[in-house]
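First subunit A sits with subunit B, and in the next complex the same chain sits with subunit C.
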Partner chain A sequence: MEPLLRVSHLTLDYETKGGRVRALRDVSFTMHEGRVLGIVGETGCGKSTLGHAIARLVPEPPARVHAGRIEFRGNDLLKLPKWKMPAIRGTGIGMIFQEPINSLNPAYRIYDQVAEAVRIRRLREAGKNPTATFGQEGFDYSRPRMPTTSEILSKPLRPSLGRRGVASLVSSKELRKEVLDFLRLVRINDPETILDLYPHELSGGMRQRIMIAIALSGRPSLLIADEPTSALDVTIQAQVLTLMKELMDEVRTSILFISHDLAVIAEMTDDVGVMYAGRIVEFGPVAEVFESPRHPYTKALLRSIPNRRKAEGALPSLPGSVPNLLRLPTGCVFHPRCPLVREACKEPPGPELVMGTDTGSVGGHLAACYFSNEVKALP
Partner chain B sequence: MTGPLVQVEHLVKHFPLTRSALEYVRGDPPRAIHAVDDVSFQISSGETLGLIGESGSGKTTLGWLVARLHDTTGGRILFDGHDVTALRGNALRRWRREVQVVFQDPVGSLDPRLTAWQIVGEPIRAQEAVERTELRRRVAELLPSVGLPPDCLDQHPHEFSGGGRQRLSLARALSLHPRLIVLDEPTSALDVAVQAQILNRLVELQREFGFSYLLITHNVGAVRFLSDRVAVMYLGKLAEVGPVVGVLERPLHPYTKALLAAMPVPDVRRRRARYRISGEVPTLIHPPPGCRFASRCPFVIDRCRVEEPLLRALPGNPDHLVSCHRAEELEDVSPDAMITSEPSQTP
Partner chain C sequence: MAEDGRKGISRFVAAVRNAVARHPILSWLVRRAVSIIRVMRANPLTLAGFVVVVVMAIAAILVAGLPPLGQLLFGRPASILPFGPSDLYLDNAFADPDIVRKLRIASSTLLPRFSAGGIVSGLTREEIMSPSTYHILGTDNLGRDTLSRVLAALPLDLVIGSGIAGISLVVGGGLGLVAGYWDRPRSIGGVISVIIMRFADIFLAFPSLVLALAIAASLGRGTLSSVLAILATWWPYYVRLVRGEVLTIKHQPYVMAARAAGVSELRILFRHVVRNLLEPLIVYYSLDIGTVIIVFSTISYIGVGAPPSTAEWGNMTESYKAFLPLHPWPVLAAGLAIFLAALAFSLLGDGLRDFLDPRSRRALTQAAAPSTVPAVATGPGGG
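The block that comes next holds the complex of A and B.
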């Protein structure tokens, strides 16, 4: 079966005045339909850049993709012209961002914002101009040049919607009903009153539910959730995570779940990729990675979660700090902080993400470490 | 041995809301946010009291009241046996040497125009007349104790990482050797690896200098590690107070149970867990009569909505206080009862 998403050797830099920030290095993974893939890592490890790069939402420049492929249903998104991307966003790849207050438009009522997504999906399902956002051409800042006069004349800027416009496709009654359905799907009690409110009138948990409803109303085949609950309180986070789990059962959409919180990743995902300094250092089924980590970084991260009292001794902590992405160490990026470090680790190009060779290693559990067999013996 | 270092008695803080012209003309009573409502607790010397609760529960306000950054509406604060609630002017300034605060936001609480030695030395300068070179020397001596290199004296806050800024904030609080440090979410902006480093350092400092901490956080792991006793706050009231082992391992109040169940734990077996508590924290403008958790509590009975439960000890356990009418019956309900593996029944 063809995988839903295959990212191979993705390498992305931010070109800044201070130099080249190596945000993603040789990132490869495969995601199958109906699976939930988690990406976990510390601040600045490139996990959000990865999520945004897949939907091609990273501003270029300053970002520059040097190598790699992002194959979504077999098409390389990096080869598509940028103006075609809006046709994939929303109905192909949906996004849930971290801060719902920054991603909802403060000037529109909830109804308009959910209805926009529903309407666009209906238009696309009806085969009408698939590149159009509603009523206007998507504005693309990266377009290399202005279109020539003949191009303008041959291609209408507004999508042709027939004589009666959108009304012929979606009646307002139908649209309203579908919007209400999606609000009920995300367990909003009393959706009729919510429709007429503005985002600032809702609490953080409600706003994130609206964001999820908007993302789902495009019926995307891949949903990228970038820290969807990090801005929320613990009990609200538990509610939103429970909602997402229930939706996974009902809607069966594939989710790329990005979080810095190991506990949330353990609860939500099927597979997990652990990122460090722009690389995936370990990848595998979530139970395997959490119960028998094969990279020393994963092991150290799991051990530093506070789980004891001060009387029981200090918390095991990882010495040093995350490397500066402007000046990465040679060889394995983790070697300056690694308890297993040897001379071989310091030499370029550094270890690749490979299967373990020791007995008991499980299929699909990869680690980028020369000495992954010794990780189990670490304290 | 004298009494506790800090004793808080019936502390109340209301933030008045402005009345609109219409409300004024109609003669409506003035309204207020009841941020802290009749809270009493004590902290012994060298002890850590953890204060947990959701945003809007009033825990930061309580911390600020104890440090006298807000004026109280009612009740009193005894510090080392002396009433400090009404201190003013020079007396208040001199007392500030005893209590310092590490603020929640390490970006917002450090002046971007000052350098590290100016930031860390500012409390010293406010209390003592010191020469510049003497101040720099004292700050340079202080920095290694929080794990910062002494040669970063002339760097600005933006040159530090998140953990580095939090260390700077901690060094500033330590500079006067206070007896109580209010830690307001000291690690919530940090990654897990850096968080472990800071928590370890806080414990080492406490062992070395005998500070008392008031640790305000919603991170149960940090509370379990650092605290000796824990207070759970909900809507301006204490729901439960007790030793850390009692409160976290055998919680009595339904809210504590709900809070503990909501904490994600890195256990892949929780895949099927479904959280049962619905609703959000109600507003503090018109606190409901009776128990404040009644609107979200799965064990609510009629009495809860009418009669306000008082903080009391259960028989046989005098240190562990809880404010719940049904605490005896619910003693054996584990926090796992707040999650279920069944899909929820809501439409």
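The block that comes next holds the complex of A and C.
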């Protein structure tokens, strides 16, 4: 089956006055439908950039994709002209952001903002928008291709819109009903009461639910969640995460979950990729990666989680700090802080993301370390 | 019995409220009206400004619109002015004193009347008169009623003020949008933005007054040339204002969130960016109307604006300043008119700003000063 998203050797630079910052180096991974992939890493490791880059939301002039491919349903998004991207966003790829208060327009009421997303989807489903639905049809717009007879026959005929035309699609009654449905989907109990409110009149948890509702109302195949709960307190975080888990069962959307919180990733995701300084250093099923990590960085990360039961002793931490992206170490990026460092680690190019040589890792548990076998023995 | 009456009334009121709440347009109107009333009650200054502006606007419409309307309907121009702006009236000694007195009595109330219009006779009283029952603010040195002249100048100044500010807003605002939204490093949009801003700088360098003199010298004096001069120096301020705001709004997270939801760039520009642009823009526009009125009056005072016989506050100030020691009323009236107009628009502008920012509508009931939208720009670099 064709993977939903395949990122191959994605390299993205920011051109700054101080030099060229390589925010993403040779990032490759695959996502399938119905699975949740987590991207975890420290602040500044490039995970947000990765999330934005997949939807091509990174501002292009300072940022530049140096190499790589982003294949969404088999079509390279980087080859699409920029003006075609809005067609994919919303209905193909959706995105929710970190700060819910800032992600809602303060000048419009909640109803207007959710209705806008619903309206876009309905117009696209009827083919009325010139940038027609991409993600849902799975149509290849990057290469000119005639649809086959079976494709034409398998698609339902578009029902005639009636006398009112497009207005019947976006009539306020139907829009309102659908807006209320989506708000109920995110477990807002009395949606009628909040329709007329402004974003600043709501709590953080409510705002995040509304953002999720807006993102889901496009019925995207891929939802990129960029640290959706980092700005919320723990109790609200639990509520929103529970909501997202329930939605994962109800709505068949794959999620790319970006977070710095290992616990959240462990709870929500099926697969996980650990990022460091712009590279993915470990990738695999989340249970396996967290129980038997095969990269020293992952091991150190897991070890540094404070454990309530072990109250004595110093909190284990990693020596050194995240490298300056303008002056990266040669070879393996992690080698200045790695307990397993050898001479081979300093030689360029660094280690690739490969399967381990030891047995027991099925389902594609990859690590970018020459000595991943020895990680198990680390304290 | 009274009990039943009260119950009936409250039930009726409840029924009306239900009906309004269900109707989308009516409830929207009611909500708007309620919030306006709330703003006004919390801020008496805003209320004062609002009332004065509304009164001025209505008066201007009546002063300018009634004569042709009356001509259309009744064959004779109607007017709310107690006297025409150029009417010269006699005092006592004339052929038909009764008629004149009756006319005066009839016209000293500000009701629509049929203007006698024009010069009544060759015999005029060329003497300035102090405020009296017939002439509430007195007359000028030619016997023309001051109040009528001040009111007659109202539509002219208001239209010029809002017109110049409006055209500057549209032209300057449009250019500012273009210069701001597509300004990206190393792109065509950036080059165009630089061109627009430097072009605006050229016009910013001219003081309105000097340019008005120059244009008057070349195109001849008159209202039109002075208006053109002011326009030429006025539009760059809007370019700068709008461009600055757009640059800030462009990087707000909700713009990126809208982009992520699949909204097309043009729709983002017109729906999200422009709507958040409106607050400072409308405030600036209201304040600007007052400023333009002052500038135009100044230019007329100097002599290069409206022609000297036209009723215009600046003109009047200039003509009557010689009589200040003994007869201050005409100058005071004209000067006060300028002052009141500018003040009213300033207060209205402030109040509008409070009203338009949804966030500060809460703070209005405490009459607190609102803040602008906090510019927290988070991008992919957040982690």
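To be clear about the criterion, the second predicted complex is superposed on the first by the 338 of 379 C-alpha atoms of A that agree within 3 Å, B and C clash if a C-alpha of one lies under 4 Å from a C-alpha of the other, contacts with A are read in each partner's own complex, and residues count from 1 in each chain.
Quick note on the criterion: contacts are C-beta pairs under 8 Å (C-beta built on N, C-alpha and C of every residue); 3 or more make two chains touch, one makes a residue touch a chain.
Since this is a predicted model, take the numbers as computed values, not measurements.
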| item | value |
| --- | --- |
| Fit or clash between subunit C and subunit B when superposed on subunit A | fit |
| Touched partner set for A:49, first subunit B, second subunit C, both or neither | second |
| First (subunit B), second (subunit C), both or neither touched by A:95 | second |
| Touching partner for A:245 - first (subunit B), second (subunit C), both, neither | first |
| Which superposed partner A:301 touches (first subunit B, second subunit C, both, neither) | first |
| Partner chain in contact with A:260 - subunit B first, subunit C second, else both or neither | both |
| Contacts of A:314 with subunit B and subunit C, given as first, second, both or neither | first |
| Subunit C versus subunit B - closest C-alpha approach in the superposed model, Å | 5 |
| Touching both subunit C and subunit B, counted on subunit A across the two superposed complexes | 42-43, 260 |
| Of all residues in subunit C, those that touch subunit A in their complex | 24, 184-187, 252-254, 256-265, 271-272, 275-276, 358-359, 373, 376, 378-383 |
| Touching residues on subunit A, where the partner in the complex is subunit C | 23, 42-45, 47-49, 51-53, 55, 57-62, 83, 86-91, 94-95, 97-99, 102-108, 116-117, 120-121, 124, 131, 172, 198, 200, 211, 214-215, 218, 227, 260 |
| Interfacial residue positions of subunit A with respect to subunit B in the complex | 42-43, 184, 187, 189, 203, 205, 233-239, 241-242, 245-246, 249, 260-267, 286-287, 290-291, 300-302, 304-310, 314-318, 321-322 |
| Partner subunit A, residues of subunit B touching it in the complex | 54-55, 161-163, 191-197, 199-200, 203-204, 218-219, 221-222, 224-226, 244-245, 258-259, 261-268, 270-271, 273-275, 277-278, 280-281, 343-344, 346-347 |
